[in-house]
Every structure is written in structure tokens, then in C-alpha cells.
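I've put the structures underneath this note.
Across the two complexes that follow, chain A remains constant while its partner is chain B and subsequently chain C.
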Partner chain A sequence: MFFYVLRRLLYAIPIALGVTLISFLLVYLAPGDPLNAIAPSDAPAETIAALKVAYGLDKPLPMQYGLWLLRAVQGDLGVSIASGRPVAAEVLTAVRNTLVLAGIAGAIGIFFGCLLGALAGYWHGSWIDRIATFLSVIGVSVPHYWLGMVLTIIFSTWLAWFPAMGAGPGGSAEWLWDYAHMRHLVLPAITLCVIPLGIITRTVRALVADMLDQEFVIALRARGLSNATIFKHVAKNTAPTVLAVSGLQLGYLMGGSILVETVFAWPGTGFLLNTAIFQRDIPVLQGTILILCMFFVALNLIVDIIQPLIDPRMARA
Partner chain B sequence: MSAIKPLVSVEHLSLAFTGNRKAQALTDVSFHLHAGEVLGLLGESGSGKSVTLRTLLRLHSERTTQISGLITVDGLDVLALNSRALQAYRGATTSMIFQEPGLAFDPVYTIGQQIVEVILAHEAVNHSVARHRALEMLDRVQIPQARRRFDAYPHELSGGMRQRAMIALALACKPKLLLADEPTTALDATVQIQILLLLRELQKETGMAVIFVTHDIGAAVEIADRIAVMYGGRIAEENAVAGIVQHPSHPYTAGLLGATVDSSHRGKPLISIPGSPPNLANLPPGCPFAPRCTSASDQCRTECPSVVESPAHADLASPPRLACWHPIR
Partner chain C sequence: MSSRARISGRSYWFVVFHQLKHEPVALFSALLLLLIFLAAIFAPWLAPSDPYATSMIHRLQPIGSPDHLLGTDELGRDMLSRLMFGGRLSLLMGVAPVFMAFVIGTSIGLFAGYVGGKINMIIMRMLDVFYAFPSVLLAVAISGALGPGMMNSLFALTLVFIPQLVRVAESVTTQVRKLDYIEAARMSGARSFSIIRVHVLGNVLGPVFVYATGLLSVSMILGSGLSFLGLGVKPPEPEWGLMLNTLRSAIFKEPLIAALPGAMIFVTSIAFNLLADGVRSAMDIKR
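This part shows the complex of A and B:
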């Protein structure tokens, strides 16, 4: 087990390095010269040359990458072109806000997805199964920005129960765990939890239904174990897969909520990315993508390490 | 029959699967088993052997099966037990070992955890007593280094060791009836014999009754007191081992044994009979074996014989119970 963890950690290093390389190269993959975003198109050649030196763009590419990486490791992601503030600070605030939203939405989605999926799988073919299947199809197929708008119209515009915009009163970007801020969380969290809810319900349902037909579950029944005990066995056997799917969903929520964050003007990473794209704010784009990818790598690493603790067969793979 | 009440009595048991896959899996199956007796259930693939065993533990989904008849084990009306009584019955009065021990253990719990769990489910003992008993059981089925194997996961043991552990688990609560569904089929030949010998030894030691399902006549002869031959979800013939081997009376039994059986048959698979087993979703009206039987008459094709103590064989030392219009004399 120790060597397994060590191996996973070692595997994560080249992946993380690859991620930094791709984040860095994004600037060059994007159409147009990165300088176009900074300098007016009719700027004199001397200005452009000076800017090139200032941003380090005159050096060869590998060297630029090396310098960028060195600074990134020290927490320096450069300066935002649009706001002039350090990118690291902007990304950190956004990550915090997104963590709150994605964490709550993910928790709701994973909890109710597991519950609904387990019930549906246990009594597959029954009415509860049909309800769960219906809900999960809706969750997966309804466009969530549309759902967000509908919820806003109903609960914000008509009923005025919940605020529609921002993470706190007065458009504050600083998250606090108080009533005023939580009210802002309700609609985006509900909108965002629908996807993981649908996907996890579907996964758990299929896993549990399939598991109940397996020889070992019949054997557990033959031993005279109670339904609760058998359920415990089934849960432990399905846990590694559910964990992997949940980790993936959390990862998507971290970065994939661009549309929802934009609809609700939630000052998170998705909102930040969206703004950065429109402003061609390349340092912010780079920094945000880098941090999000690192989250993905870390989540996968955590899942990889927990899985064999549950199912010992996986430690050998 | 003897005056003592049998431990197991199955009377006119019929079972139909009514779900997606429909099948009349059992028809009018009756047999009795006394304490300490070993019954071998013999028959081709699909003849209903496993279904019979699983019905004895009521393991089929109630929604998709239709059962009629009576099953009594140790005085319990098995088909009428409520869920609590059924839990107490399963694993304690009657327990089961499976063909594929690798599939019958929960892969994410250790062998020891699973044995302890069964003991705790059935007996009012504390964890350390249960643990002690589980280790004792592992020793009893001759697993070397039982202490180490106790903490092993099923995939860490060889097939033979897993089956031994499965036997330890099944016997942990001292069942009166052990159901063994082809417990040696999935194992290597040498391991098969070891497991068979172990089972026989444990059966003698504990005095439990055993129903032993097998394809292997050699194994059945080795371990059983009586043999019931199944065909198409029915019992074709039932008799003491010596009776079956020396004087097979049902044409199907005779076919299975290849006319004469001697010790050279031991360990070999059954000789195949031309034709294929009946389709249980659409059984013919007469004797299920009639389409493959060389002595079948019109009566055989229209009327199904029921199992009776054959008057034609009353003079034999061990007369069979038989379902045949034209038994071999």
C-alpha cells in the first residue's frame, strides 16, 4: 500500500508538469498575437518591442516557460492586464467562491444521487426507480444555464425569495458563512447540483442493480444476514466506482460552471474565465486554468489513493 | 420408510420462473432426507439441481417465481417462514457452499471478517468469541497458517483454499443441513479429491445431512448414501447408491451411467446421451425424457409418469423410486 501511494504520487508529477506546459502554451495556441491584447494595433514598433521585453516575450519559448514556471511555483502568476492586480490574488478569491458553490452543489448532488440511485437500484422496476430514472434524464439533459434562468425568473423576479446576482449583498466578492450570503447561494447551488445528481443517480442505480444479481450477494443472503448488513456489503463494493465518478463530477463543477456562474454573476473561477476570455486577459486565463487543472490532478490523486483502501484488489493494478 | 421423522422433506415442489426468462424449472419434486444422510443430486446441465438447492433456502426473487408444494427442514415450514425466521434459518439450520468460491465471497471483506459476521448474525456471542471460533473453523478445514489466512482477502487465496474457507464459513454455525452445489467442479483434479475427502470427513464428524449436487458420478458414489437423478425439472429415479449403480432402472439413469459403471468411471464426466435436454419454457406433455428415449411409447409422449416405488422392482434388495412407464428390468 505504501508503494502504491508512492507510485501514484510519482505518476502525478509528470501529469502536473504537462498541465503547466499546456496552460502556458495556451497563449500561443490562441489565435492572434498575445501582444495585440496589450498594445493598441497602431502602436509604434518601439512600444511593441519594449512591451515584448517587459513581458519577457523576446526570450526563446522554453526559457519563457521555465521562468513562468519558476514564478508560478513561488505563487507569482503575473499581473492581470485588465485590472492590474496580481493574478494569484484574483484567482484565489475566485477559487474560494467556486469551492463554496461547487462544494455545496456537489455535496447535494452526490448525497441525493447516491440515495436515489441506491433506492432505484434496490427496487429496480418499481415506481421509485421510474421517478429516479426520469429525474436523472432531466438532470443530464436540461441545459443548466436555462434552468438557472428559469429559477431566477420564478424565485427571484416573481416571488422575490432569493437574490439572483452575486455572492453576497452589494455585489461583494468576499464570501462569508452568514444568512445574507447563503441566500445568494441557494439558486446557483440548486442549478448546479442537477448535473452531478443526474449522473450519480444513474451510476449508482446501475451499479446497485447489477450488484444485487451477483453470486456473492446471493451468497450473503444464503448466510442469513440481515438486509441492512447486505446493504452495507453492496455499498462497500460500489463505493470505489461511486467515488471515482463523484471526484470527476466535483472536478467538472470546479471549472465547468462557467455558464451558471455567468448567469448568476457568481464571482468564481468560471465567471473569472469568462471575463478573462472577453478581455483577452491572458495572464488571468493562464493562471485560472493552471489552478483548475491542478485541482483536477489533486482530486484524481485523492480518489486513486482512497479506492484501494476500500477495495484491496485495486492496489495491485 | 423408517419411523423417525426425516430432517428434510420436500413434497410436490414445483417452481416456475415468471420474469423475463420464463421456465417451468421444477415439477412435482419430492424427496426426504434423514439427519446424517448424504443425498447426491445428479443430472445434466439445466435439469434443475441448483434451483432445487436455492429453493431450499428460498433464494429466488419472490416477485418472479411461483412456488407450490411443501418444504420442511428440521420441523420448519420453510416456504411459510417470515423474513426474520428465514434469516435465522439461512446459514444456521441450513447453509450452502457454492461452485465458484471466488464468486461467493464478498471481495472487499477479509475471509475472517466474513466468518465472524455470520457467527455474530446467528449467535449471541461477543466479537472475540466469534473470532476464536472462526480461527478454529479455519483450522478444522485444514487451512495452513489459519491466522494469516484469517486476514487475507478472497483474491489472495488459491481456489482450493477459498473452497476450504467457504466450507469453514458454511459450517461455522453448525448447520443441520449443508447444501453443496458442485463444490468441486471449478477446482483442479487433485484439489477436487482433497475437498471431497474433507467434506466427507466433516460430515461424519458433525453428523449433518448433506445434499450434494454434481455432474460427476464418481464423486456422487464417493460421498453419497443415496442418489436422486433429475431430468427436466423432475426426479427420474432415486435409490441407494448401490441400487443406482448396480441396477439403474430409468433409461435416463442407465444412459448416464453408460450401461455399466465400474470404478474406471470415477472422476470422469457423464457419458453424453444423444439429443438435448428439454426446453423448460415449453415442456412436452408427456415424459420429458421421451424424445431422447429409445424405449418411448405413445403413452410416454402424452402422459407424464409420476414418481412411485416401482412394483416391478419390489424384489430387489434396494427398490428404486421411479418415474417411468417402461423401466429397465
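This part shows the complex of A and C:
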């Protein structure tokens, strides 16, 4: 087990480095001189020259990457062009809000996905199965930004049950776990939970239906074990796969919330990214992508480490 | 021998097609898609009015107005015409990136899997880095850095799908490569290229094709999503995602009209997914 964890950690390092490299190169993907992305276009010549030295843009590319990485590791992601504030501070506030939204949406989606999938798998071919299959097709097909709009129309405009915009009363960006803030969370979270809901329902349904046909389940049943005990065995056998899919989905939610955050003006990373793109604020774009992807890499690593705790066979593979 | 292989290869796709005819849901979806595609392709002849013609006095007419069957948008443009024309770019966003990624990804996957060894490992580890990006994030990052524009978002989406298709193609190729009949073909003097073309490609195409059909709806939702964010198609061009964005201002006045373009994305994407499910079960490939 120790060596397994070590191997996974070692494997994650080149991936993390690759992610930093791609994030770094995003600046060069932007049309024009990378300096245009950092300095405003009307900056005087000496400011540009000074910035060039300050950012190390006069050095060769690999060295620039090294210097950038060194600063990034120390938590310095540069300065936002639009606001002049350090990128790291802006991103961290936004990441917190995104994590709240993605975490709650993921929890709802994973819970109901497992429930629905298990029911559909157990009563394979029944009406419950048909409803679950139908819901999962809808879940993977619905454009979630549109779903967000539809929910706003129904629950904000017509019924006036929930607020349509922002994360708190008076447009506050600071998240608190109180009633007023939770009311703002309802619609975005329901919108976002549809994505993992569909895929997890599908996965669990297929797994459970498959598992119930296996000989060990028949053997357990033949020995007269109760349904609850059999359920425990099936759950334990499906858990690693469900965990892997859920981890991936949670990561996708952190990225996928971009569109939903835009619909609900949720002050998270998606909102930040969107503003950054239109203000051509490349340092913010770069920093946000980097932090979100690092979360995703860490999440995958955690899933990889938890999996063999449930099923020790995985560590031996 | 090679001609025999080709005949049986064709008949395999024929069997799949034949099988598909017994899947009513998939068949219905295919029919629906055909209608949507035809409406989009022949929009210049079918559309009742000019999709660009604005009219300030006819802004946000409700659905069922005498001159405008599906009402008008926030600038008084006919919704039905715009939805028909909008399908052109939205469907292109769904099909083009998947097709490009299918061609490029299959080629890379075949190459990596067939060569094997260190080169394969290097290619696959490099692609693993792209897996560390959630796909929406990668698409937004690339097209955000490149700047708004339809070509940029097509490029970004293609790049997002390539690693996934490479992985599918590579894993099948690696499995097939070890089989005895490939070894036999090599011993009989066949060159690598013709082995790949005649013996490997036929095995790889099926699974990659199934995977790619499943990506169609993802691609369209993502592509329209990029336009929704303002990263894709530029106004006044009609496109479902962009229409959805500009109609957000009308959400209180004419909610039904504001929701229409999204409903089109939804219906098309359901049809894509149901067809993909049908193709998958017709080809009898488990997810």
C-alpha cells in the first residue's frame, strides 16, 4: 500500500508539471506579443521595457517558464491587469465560492445518482428503471446553462421563490452558511447537479445490474442472506468504480460551473474567468485555470489513494 | 485475401445498420435529426423571412403572432427564421470538431498503439496531461486565450476531444496488435501500413466510432456554450447558444421565446445521445 501511494504521488508530479506548462503557454496562445497581455496597450515605452525585465520576458522561453513556476509555487501568480490586485488573492476568493457550489451540487448529484441508479439496477427493466434511464439521458443531454435560465424563469420570475442572481443578499461575494445565502445557492446547485446525476445514475445502474447477475450474489442468496446483507456486498463491490466516476464528475463540475455561474452571476471562478477573458486579463485567466486544474489533479490523486482502501486488489495491479 | 476482408468489413457495417432498424428510439432520433439538419441546410429556401432583418416596432412579439409563428427576438427579428439559420452553426459546432478529432485522434491512436513501446508511452503520458483539464475548462481556456471567434472555438473543441479518441483507438490497437493473425500477416510479408489499413483499422473504427457519436451532443452543448459565453460566434450571426445569451434580457417579458434556442439545443442533443445509444447497442459494445 505504501509503495502504491508513493507510485501514485510520483505519477501525479509530471502531470502537475504538464498542467503548469500548458497554463504558462496560454499567454503565448493569446494573439500578439505576450507583453500586450500584461501591460495596457497605451503604456509608455519605458514602462513596457521595465515590465519586460520585471517579468523576465527578455529571457529565453524555458527560463521564463522556470522563473514563472518558481513564483507560482510561492503563491505569486502575478497581478491582475484589470483590478491591479494580486491574482492569487482574487482566485482564492472565487475558488471558495466555486467549491461551495460545486461541492453541494456534486453531493446532491452523487447521492441521488447512486440512489436512482441502485433502484434502477435492482429492478432492472421495471418502470423505475425506465424513469431512471430517461432521467439520465436528459441529465447528459440538457445544456445546463439553458436549464439555469428555465429554472430562473419558473422559480424566480413566475413563483418568486428563490433569488435569480448572486451568492448573497446585496450582491455580497463573501459566502456565509446562513439562510439568506443558502436561498441563493438553491437554483445554481440544482442546475449544476444535473450533470453528475445523469452519468452517475447510468454508471451505478449498469454496475448494480451486472453485479446482481454474478455468481457470488446468487451464492449469498442461496445461503439465505437477507437483502440488506447482500446490498452491503454489492455496495462494497461497486464502490471503487462509483468513487472514480464521482471524483471525475466533481472535477468536471469545478470546470463546468463556468457556464452556470455566468447565468446566475455567482461570484466564483467561472464568473472570474468570464470577466478575465473579456478584459483580456490573461494573468487572471492563467491563474484561475492553473488553480482549478491543480484541484482536479489533487482530486484524482485522492480518488486513486482511497480506491485500494475499499478494494485492496487495486493496489496490487 | 484482401478483397475478402473488405467484403466482410462492409457487411459488418451493413449488419449494424440493419440492427439499427430494429431500435425504434434510435430510428426516431435519426429521423428527428434528419429533419433538424434539413431545416438548417435548406434554411435560405425554407425560412419565412430574413433572419437579420430587425424591426424596432415588432420587438418581442409573442409566439403565434400572425407574421411570426415563433415570435420575434429582442431586436424584432423573426425567431423561426433565426432558429433555422442558427441550426447551421450550432450543428456545425457539434459535428465538425468531433469529425476532425475522429480523424486526427484515430490516426495518432493507431500509430501509438501499433508502434508500441517507448514511443507509445511518451505519446500517452503527454496526452494524460490534457486529461488533467476538465473538458469545459480546457475549451474555455484555449478559446479564451485565442480570443472570441468561431474558428477559435472549433479549434479548442477539436483539441479537447483528440486525447479521448486517441485513448480509445490506442487501447484497441494495442489489444489487436498482439493477436496471432497480425503476426501471420507480418510474416507473410505485409508492410506495416497495409497491416494497419486492412487488419487493424477495421477493429479500431467501431469502438472509436461509437465513442465519437457519444461526443456529438457534448460538442454541440460545449460549442453553443462557448457562444453563450460570447467566445464563439459573433453577433448578429444566428446561433442557438448566442441567441440564448442575447435573449437573456427578454427573460421577464417573453420567457418562452428566451428559452426557445436552448430548447433546440436540448432536443438536438437528446436525439444525438439516443442515436449514439442505439448505435452502441447495435454494435454490441459495452460502455
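Everything that follows uses one rule, which is that the second predicted complex is superposed on the first by the 300 of 317 C-alpha atoms of A that agree within 3 Å, B and C clash if a C-alpha of one lies under 4 Å from a C-alpha of the other, contacts with A are read in each partner's own complex, and residues count from 1 in each chain.
Methods note: contacts are C-beta pairs under 8 Å (C-beta built on N, C-alpha and C of every residue); 3 or more make two chains touch, one makes a residue touch a chain.
All figures in this text were calculated on a predicted structure; none of them were measured in a lab.
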Once the two structures are overlaid on chain A, check if chain B and chain C clash or fit side by side. fit
After lining up the shared chain so the two structures overlap, which partner does A:L197 touch, if you call chain B first and chain C second: first, second, both or neither? neither
Chain A residues touched by each partner, larger count belonging to chain B or chain C: C
Touching partner for A:I310 - first (chain B), second (chain C), both, neither: first
Which holds for A:T152: it touches chain B only (first), chain C only (second), both, or neither? second
Scan A:K236 for contacts with chain B and chain C and give back first, second, both or neither. first
Which partner does A:A219 contact after superposing on A: first (chain B), second (chain C), both, neither? first
After superposing on chain A, what angle in degrees do the C-alpha centres of chain B and chain C form at the C-alpha centre of chain A, to the nearest 10? 80
Which partner does A:V140 reach: the first (chain B), the second (chain C), both, or neither? second
Using only C-alpha atoms, work out how near chain B sits to chain C after the chain A superposition, in angstrom. 16
Would you tell me which residues of chain A are touching chain C in their complex? 14-16, 18-19, 21-23, 26-27, 29-31, 137-138, 140-147, 149-150, 152-153, 157-158, 202, 206, 251-252, 254-256, 258-259, 262, 273-274, 276-278, 282, 285, 289, 292-293, 296-297, 300
Residue ranges of chain B in contact with chain A within the complex: 54, 57, 59, 86-92, 95-96, 98, 100, 103-109, 117-118, 121-122, 153, 155, 169
Residue numbers of chain C touching chain A in their complex, please. 125-126, 128-130, 132-138, 140-142, 144-147, 217, 221, 224-225, 228-231, 241, 244, 248, 251-252, 255, 258-259, 261-263, 265-266, 269-270, 272-274, 277, 287
Enumerate the contact residues on chain A facing chain B in the complex. 214-216, 218-226, 229, 233, 236-237, 310-313
